[in-house]
Amino acid sequence: MNSYILTVTCPDQSGIIAAITNCIASNKGNILNLAQHTATDIGMFFCRIVFVAQEGFSESDFHKEFGKVGEHFSMKWHIFNRSIKKRVAILVSKTSHCLYELLLKHADGELDCEIPVIISNHSDLAHIATSFHIPFFQVDTAKGKEEYEKDLEEILRQYNIEMVVLARYMQVLSADFCSRWNNRVINIHHGFLPAFKGAKPYHQAWQKGVKIIGATGHFATADLDQGPIIFQDVIRVADTCSVEEFTRMGKDVERRVLYESVRRYLSHSIFFYSGRTFIIE
Amino acid sequence: MNSYILTVTCPDQSGIIAAITNCIASNKGNILNLAQHTATDIGMFFCRIVFVAQEGFSESDFHKEFGKVGEHFSMKWHIFNRSIKKRVAILVSKTSHCLYELLLKHADGELDCEIPVIISNHSDLAHIATSFHIPFFQVDTAKGKEEYEKDLEEILRQYNIEMVVLARYMQVLSADFCSRWNNRVINIHHGFLPAFKGAKPYHQAWQKGVKIIGATGHFATADLDQGPIIFQDVIRVADTCSVEEFTRMGKDVERRVLYESVRRYLSHSIFFYSGRTFIIE
Amino acid sequence: MNSYILTVTCPDQSGIIAAITNCIASNKGNILNLAQHTATDIGMFFCRIVFVAQEGFSESDFHKEFGKVGEHFSMKWHIFNRSIKKRVAILVSKTSHCLYELLLKHADGELDCEIPVIISNHSDLAHIATSFHIPFFQVDTAKGKEEYEKDLEEILRQYNIEMVVLARYMQVLSADFCSRWNNRVINIHHGFLPAFKGAKPYHQAWQKGVKIIGATGHFATADLDQGPIIFQDVIRVADTCSVEEFTRMGKDVERRVLYESVRRYLSHSIFFYSGRTFIIE
Amino acid sequence: MNSYILTVTCPDQSGIIAAITNCIASNKGNILNLAQHTATDIGMFFCRIVFVAQEGFSESDFHKEFGKVGEHFSMKWHIFNRSIKKRVAILVSKTSHCLYELLLKHADGELDCEIPVIISNHSDLAHIATSFHIPFFQVDTAKGKEEYEKDLEEILRQYNIEMVVLARYMQVLSADFCSRWNNRVINIHHGFLPAFKGAKPYHQAWQKGVKIIGATGHFATADLDQGPIIFQDVIRVADTCSVEEFTRMGKDVERRVLYESVRRYLSHSIFFYSGRTFIIE
């Protein structure tokens, strides 16, 4: 039996949950999990529902009937068939720890997607792609951003990619690219945003003598390091650590944060409103 | 307008949430928050709903109508009017850090209950009760457990106490007492259960050379240190710490764990099934 | 027998530890604990030694002899007799959680200092000072910063205060005051520095949708929120939390951070170099 | 220039550090880092020193001269030349996450050893060994423990292995093997010891409703799951997690704990006394 995830965002009012759950029940869906949050400050309702289709459920009928509910409550809603996996491309440069993390989690059945292609602006990590039997493409940034991003998008199109993960990809994407792939490109910032934006965050952290360092998973936007935050994690550092040790410890945080960010995306737990995310799971 | 918390435990089946939320909506309740979990391993459904009564809501009518829903789905259900505060007694011995934590949180508006009485088997902490204007009673354990527990329960009755917090109370309650106050006495074990049961857990931890120590908030049962766990927290310790330092660090964990345990109880987030708790919030 | 803490900061070179420990041993000191760090990036040596005076130890002789060692290695060094407690003033405004934390820890023997006076720009917390039998003074900020800070310093002088703790004291101290009390005024910033400087950090954090909030203990400097950091702590927040819940959760982090910062100061574990601290313990 | 790590364990008395550091200085060693701890409860002194050999340092002379110091203070001491890497064998069964963690950290230069061989009682992970160009051997446990452990030790001998890591190796080693390789076999227990000993710790944890799960790195001893603990880590779990999710989350903790345990071993930071470890770093 198929199972589905339904996500709903709308202005709060009375009776929303009853309307949603009635529609699911009357269409022969059985709810496994319902997570709901009303952000009273901003008057918004967010809801994520997992349900299984029982004998008699029809996806197209549900679409039609839930469409009426959605219209009535001015909902932004999506429904995902869990048996259809998202197609995800990973972009890398020369550093392997984030790429390995995603590939190992995927091999272990802990990343619910397909990874049909890995793309890089360098050739260094080609052997890793090969050892996991995934096609590897090298793009040529020397062509200029506009030209090489065309190549990049051509590859994404060719592989029917729906979402892009930047696994320590050291190129800034153009505003046009970010806008075309809005909320579908996940990046990792190897620092605790909004502190320590930009390059060398561990050096900045050491200079300041901070006692905790972190990493941030966020969506890529034209405004660098400012996209909606998905997940963050931190680690306590001692003042007896060198910048090199900050970097080593930070790498563990980075890969964990990237994995957890992608996992939340794939489980459809990320809601967007007023420039930030709400994770409802 | 009044707000209510509704908790439901029942065997899982199709249509439960729709039935619950319909009943709330048709009785003029507006759901602010719904947290739900289906433990598929054991086929149980747990649900906690916060709703506000709108114009036309009647508590007695809701009881009647929800009673039918409850019967249909074989529910164990409770409804709490949030404007009626639980009456909580605190029992202490000689150590003050847990008592102070509860009183300060209460004074700061972060513990949603009344604390009409503090009871102890020693007089040491009477001055603290007084400085917070709370009556203090000293019970005499020399009378023997049966006799002194009668006195204790007489005080609890006199103050209409609904729930008891053992804030480092160093007496073991009788099986009879525990059974009469089943799931209504919260205790703190100053060790990470189920490791280090019994006395001197920090000494045990030091002897074993463990690298992390913790504390456990749980319900008191006849089976000592085995009651359902509510909340746990831990702290990393260095091997350069002495047992005294373990104790000092542990005290911070203890008071946090006790507060968080009581807070979960007062927010009606604790569900019981097969000898353990499920915290749904 | 007296015990001492010796702290040493100097440019790194060969033979420093041997010279220090020889001088202690030949003066009849027995080392209990030695923590040392060489920051190789900046070529600096930091060392903190705890030793007990044995039969024959003379404080004044040690001063003389260690002075030669210090001169030879261009050391900045201090020695503290642990039986002489620092005299600490606490400054507060209207919020009690940080004040209570310090007083309770002090009462529990976990803050190794004297607290002879509490000063505030409001009268709200006078009763707390009184219940701990500590003189309370209210300063009048309406006089203007220069005038009222004179009053403030007069009180500090009168009580022979060596160090000041700002326990959520909501006034900005003048640059002159900060410079006279350089590295002797500990402040708490109720946000994770250097992110979210300034007012309302929890509102800023909520707006940004960050997933972790924190607090920072630092020294007060003329450059607001930029003083050397002593301790930081964080807590993970859910997107289902309101700003009010951020604030409630943040308060627990704040009081812990302030206590840990003051504790590190009193144990002489804080070293200063190039605008940041090094905590060596 | 070579650098060295010197570790010292002895009964505490006056003048130890001066004697040690004098001997290093007079032999032309320059101390980079000294970590020392006196466990006053048990009267023991532990010390770990990193020093670089300067012009004129002779390893054999140092051995001779430090031998006298060692004898005088009844020291157990070791000196390690950091340019000589330990030879480590990894034993696995069918699960890959711990093996991958060690190999990736090693490839990234974050595990200071050689890994000349990987041994398993199954063939499942052979391809991973191959992709990292490390010889893989499969032992045949059907032969009986005595026989197959002979084969195992023959392989270890052949590769001059000094230390063994059990990376989720699902066979219990014989008491004889453990005793021959005393304190040189690191195991991971996928539960927070001493709670949840034995098999299926995550099931045990779920049954008990604990709110925090963990993993433990320890030395293998004849007394199963009782060997000296090296490192532990934990993760908070929600009651909405299934046992499968406990297992998934636990795997991340396990690999981290195993890596950190091995790293501490290789940095010679582990001291043994009265059946437990002291980590001094």
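The letters A, B, C and D name the chains in turn, as written, and every chain counts its residues from 1.
Simple rule for what comes next: a contact is a pair of C-beta atoms (placed from the backbone, for glycine too) under 8 Å apart; a residue touches a chain by one contact, two chains touch by 3 or more.
Note that this is a predicted model, so its numbers are computed, not measured.
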{"item": "Furthest chain, CA centroid comparison against chain C", "value": "A"}
{"item": "Pair joined by more contacting C-beta pairs (C-D or B-C)", "value": "C-D"}
{"item": "Distance between chain centroids, defined by C-alpha means - chain B, chain C (Å)", "value": "37"}
{"item": "Gap in Å, rounded to a whole number, between the CA centres of chain D and chain B", "value": "41"}
{"item": "Numbers and ranges of chain B residues touching at least 2 other chains", "value": "33, 37, 40, 240"}
{"item": "Contact footprint of chain C on chain D as seen in their complex", "value": "14-18, 21-22, 24-25, 30-38, 40, 54"}
{"item": "Partner chain C, residues of chain B touching it in the complex", "value": "33, 96-97, 100, 104, 107-108, 110, 131, 240, 248, 251-252, 256"}
{"item": "Chain D residues touching chain B - in the complex, by the definition given at the top", "value": "37, 39-41, 192-196, 207-212, 214, 228-229, 231-234, 238-240, 242-243, 275-280"}
